[in-house]
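Below: one structure, written as structure tokens.
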Amino acid sequence: MDLATFLIQCLNAVQYGLLLFLIASGLTLIFGIMGVINLAHGSFYMLGAYLAFSIAPWFGTNFIALLVVGTLLAAVFGALLEWAFFSFLYERDHLQQVLMTYALILVFEETRSLLVGNDVHGVQVPPWLAGTLPLGTLMTYPVYRLFASLACVVVGVALHWLVNRTRLGMMIRAGASNREMVRALGIDIRRLYRIVFAGGVALAALAGMIAAPMTSVYPGMGGQVLIVCFVVVVIGGIGSIGGALVASLLVGVVDTFGKVFFAEYSGVGVYLLMAIVLVWRPEGLMRRRF
Amino acid sequence: MFRWWPLPAVVLLAALPALLTPYTSDLVVQVFVLAVFALSLELLVGMTGLVSLGHAAFYGIGAYVAMLASPAAGAGNLLTLLGASVGAAALYALFVGAFSLRTRGVYFIMVTLAFSQMAYFVFHDTGLAGGSDGLFLGKAPTLGPLDTADRRQFYFLALAALAGTYALLTLLRRSRFGHALAGIRVNEQRMRAAGFATTLYKLAAFVIAGALAGLAGCLLALKDGAVNPELLSWHESGAVLLMIILGGVGHLRGAVIGALAFVLLKELYSTPAVVGEFLAGHWPLTLGLTIIAFVAMLPRGLIGLFERRPR
Amino acid sequence: MSALLACFGLTRRFGGLTAVGDVDLTLEPGQLHAVIGTNGAGKSTLVNLLGGELAASGGRIELAGADITAWPQPRRARAGIGRSYQRTTIFPSFSVFENCRLAAQAAHPRPWAFWESAAGCRVSGPVARDALADAGLEAEAGRSAGTLSHGGQRQLEIAMCLATKPRVLLLDEPLAGMGAEETDRMLQLLERLKPAHAILLVEHDMDAVFRVADRVTVMVNGSIIASGTPAAIRTDPAVQFAYLGAEP
């Protein structure tokens, strides 16, 4: 493998990892703070992508506006979903949560099938982000992929600021390490949960919108990404955003380079990584620390 | 009196084929196979308290190995096939269990899911076993005068497998091993403090459950004459969890009842004559809504409807 | 008399916090060694370390001279270290008898004999009955454990500990939440158990401690500040300072 190809694969790995990070950070927060295992999280990614496809005609080339509006819509949807459905899951045991959220996937998939059909769709890369950019004299790299990585970094930084520098973030960190205590302190836990859940949904949907022009929009995308995100959360540690970042990048590297070197067996690579981490740290690399 | 119901039930079921159409008979066999699958998960979830979301991996591996162990030409030996299926499933269960039992609670759920995905990818993406198309059985295996190609004989084979699995789990449940598992389910810490090597007990339960799931998979392969990678998918793992919740976790008969309810529901929801053309084409939607309503209103399963004492 | 259970320099750190720091302790057969201290002194952590639930960050633990520091909890339990918990950890849905029988089964596990019924086990059954008799619970044997009174459940907690036939007893606040009469009964039980066991008693109830203890150790912030006979501890100025915050 020559240097140019290697660098391209590195960039691809980072871009994939950062996208995973957006989705996984929501998943790990929802689990860490509300104690709910949410199998439907991948569906939010899928819904985001289909949403991008659906509203794209109204935004033309104004991609940033599409992302912002889409994210807000997703957040509202998330808040409604939390109020109508998820708030009933907090007191139930894991088995019931698994079943309920599994049923939710069925409902989402079929509803999408009814509303938009099962076809594979494409979302146009906006012209100002199309094409490739020369990086040094060695190679060129798609502008959109750079944009995707950049967007994820911006969101990640905003998330870090939110969690570490605001009052809301303080409550989130407290809730992630001791749910009962936060409740006992009289903090409006219902509002906190709703915000966290809506945020998680918005992040996953945003990831779907960003990914849509690259991976196209297809029915099975939610399921595939969900399980990889579970691996990320296991490796990174439940409730830890930092852990989710490290784990996402690790998974990005293993998956991308795995595809290059091992072709058809590459799907296994990520799970082997998980197995190795489990031998060493059964509770994830960075459990419950932000 | 009520406790001895399995015996007349078996007799009744054995008499059924004479009364049913081939289609219905096949449906009943499907219930038998899924009941064995559900019982194997009940050992894990209901008896030991280990919620696994990757149980379909052992089911699928059992099915695939039954195919792969069949000779290219001629009929294979039924015992060899059964042995290979159960053995392969048990082996993978040993591997998965060794890693996943290092984790607890939600981690365990996610890790078991991930390991079943790993197996899914091996069968789906690689050329090892027919890829996404799956495999087909050449000739059905035999054992002496028993020929599994004969649907009647296969019915009794499946019924015998179900009865045997049920009997084995009943014995396990009242044995020291079973009581230890029950203790681990309620309070593993207490069991360790008393001196039980709880991880070994959990691993043993995991492997036995995997082996029984492999048995169910083998039967499925022989019944349908074909296998495909979706048998290892997490939809299958979700379906079997649904079965034991439908029937009622914590009861062996719950697993059987749940398997029956599941098959009936699927049949019902995909028959246009019952739910109309529109819904029949989108039966997962109806199924999803049913699950939600069911778990919300009947958390103890169908058995919970008949039980008065709290469990 | 040589110590049955002893620890040397036992330490446990949680990140920056030293929960237990450099603790030396011995338990002799026939003696009851009480550990008292203010809240957060590390007493429960000490019990968890000795029992094997927590791994030590430093130091050594010996059982009858053998180094057991690296042994996992089940192994220590089978070697004769029994413990009871501060928060009741019985099996509420099982009968009182089954609670004890299951605990006793750990010494006679026979997990492969799946055709044999557990309830009919001829080894664990009698051991369980003896343990129940010791704890004064034979009359309740058939009851569901969850229906016992709080005091009854604490007694069952001890009975389950006894059912494993331990030589060392690590008791974590067995008197918690008990009334005067139940406390009396429990203390009489401890006196009866003393001759055949080495007992470590973690407790808050000072009167009870001074009634039954042969030796008292006081812990503050993870370290031992005083250790000796009950009479000596009573008058120790460091102990008084720790509890009352002022010179006497």
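For reference, chains read A, B and C in written order, and residue numbers begin at 1 within each chain.
Note that contacts are C-beta pairs under 8 Å (C-beta built on N, C-alpha and C of every residue); 3 or more make two chains touch, one makes a residue touch a chain.
Being a predicted model, the structure only gives us computed values, none of them experimental.
Using the average of C-alpha coordinates as each chain's centre, C ends up farthest from subunit A. Of all chains present, the one whose mean CA position sits nearest the global mean of protein CA atoms is B.
Once the centre of each chain is set as its mean CA position, subunit B and subunit C turn out to be 43 Å apart.
Our note on geometry: subunit A versus subunit B, Cα centroid distance of 32 Å, whole angstroms. Mean C-alpha positions place subunit A and subunit C at a centre distance of 47 Å.
Residues of subunit B touching subunit A in their complex: 45, 51, 53, 99-100, 102-103, 105-107, 109-111, 113-115, 117-118, 121-122, 124-127, 234, 238, 241-242, 245, 249, 282, 284-285, 287-292, 295-296, 299.
Across the interface of their complex, subunit B is touched by residues 51, 53, 72-75, 77-78, 82-83, 85, 89-94, 98, 102-103, 105-107, 109-119, 121, 160, 163-164 of subunit C.
Interface of subunit B with subunit C (complex): residues 168, 171-172, 174-180, 182-183, 186-187, 189-198, 201, 204, 311. Residues of subunit A touching subunit B in their complex: 31, 37, 39, 85, 88, 92, 94-96, 98-100, 102-107, 109-111, 113-114, 223, 227, 230-231, 233-234, 238, 264-265, 267-268, 270-272, 274-275, 278-279, 282-284.
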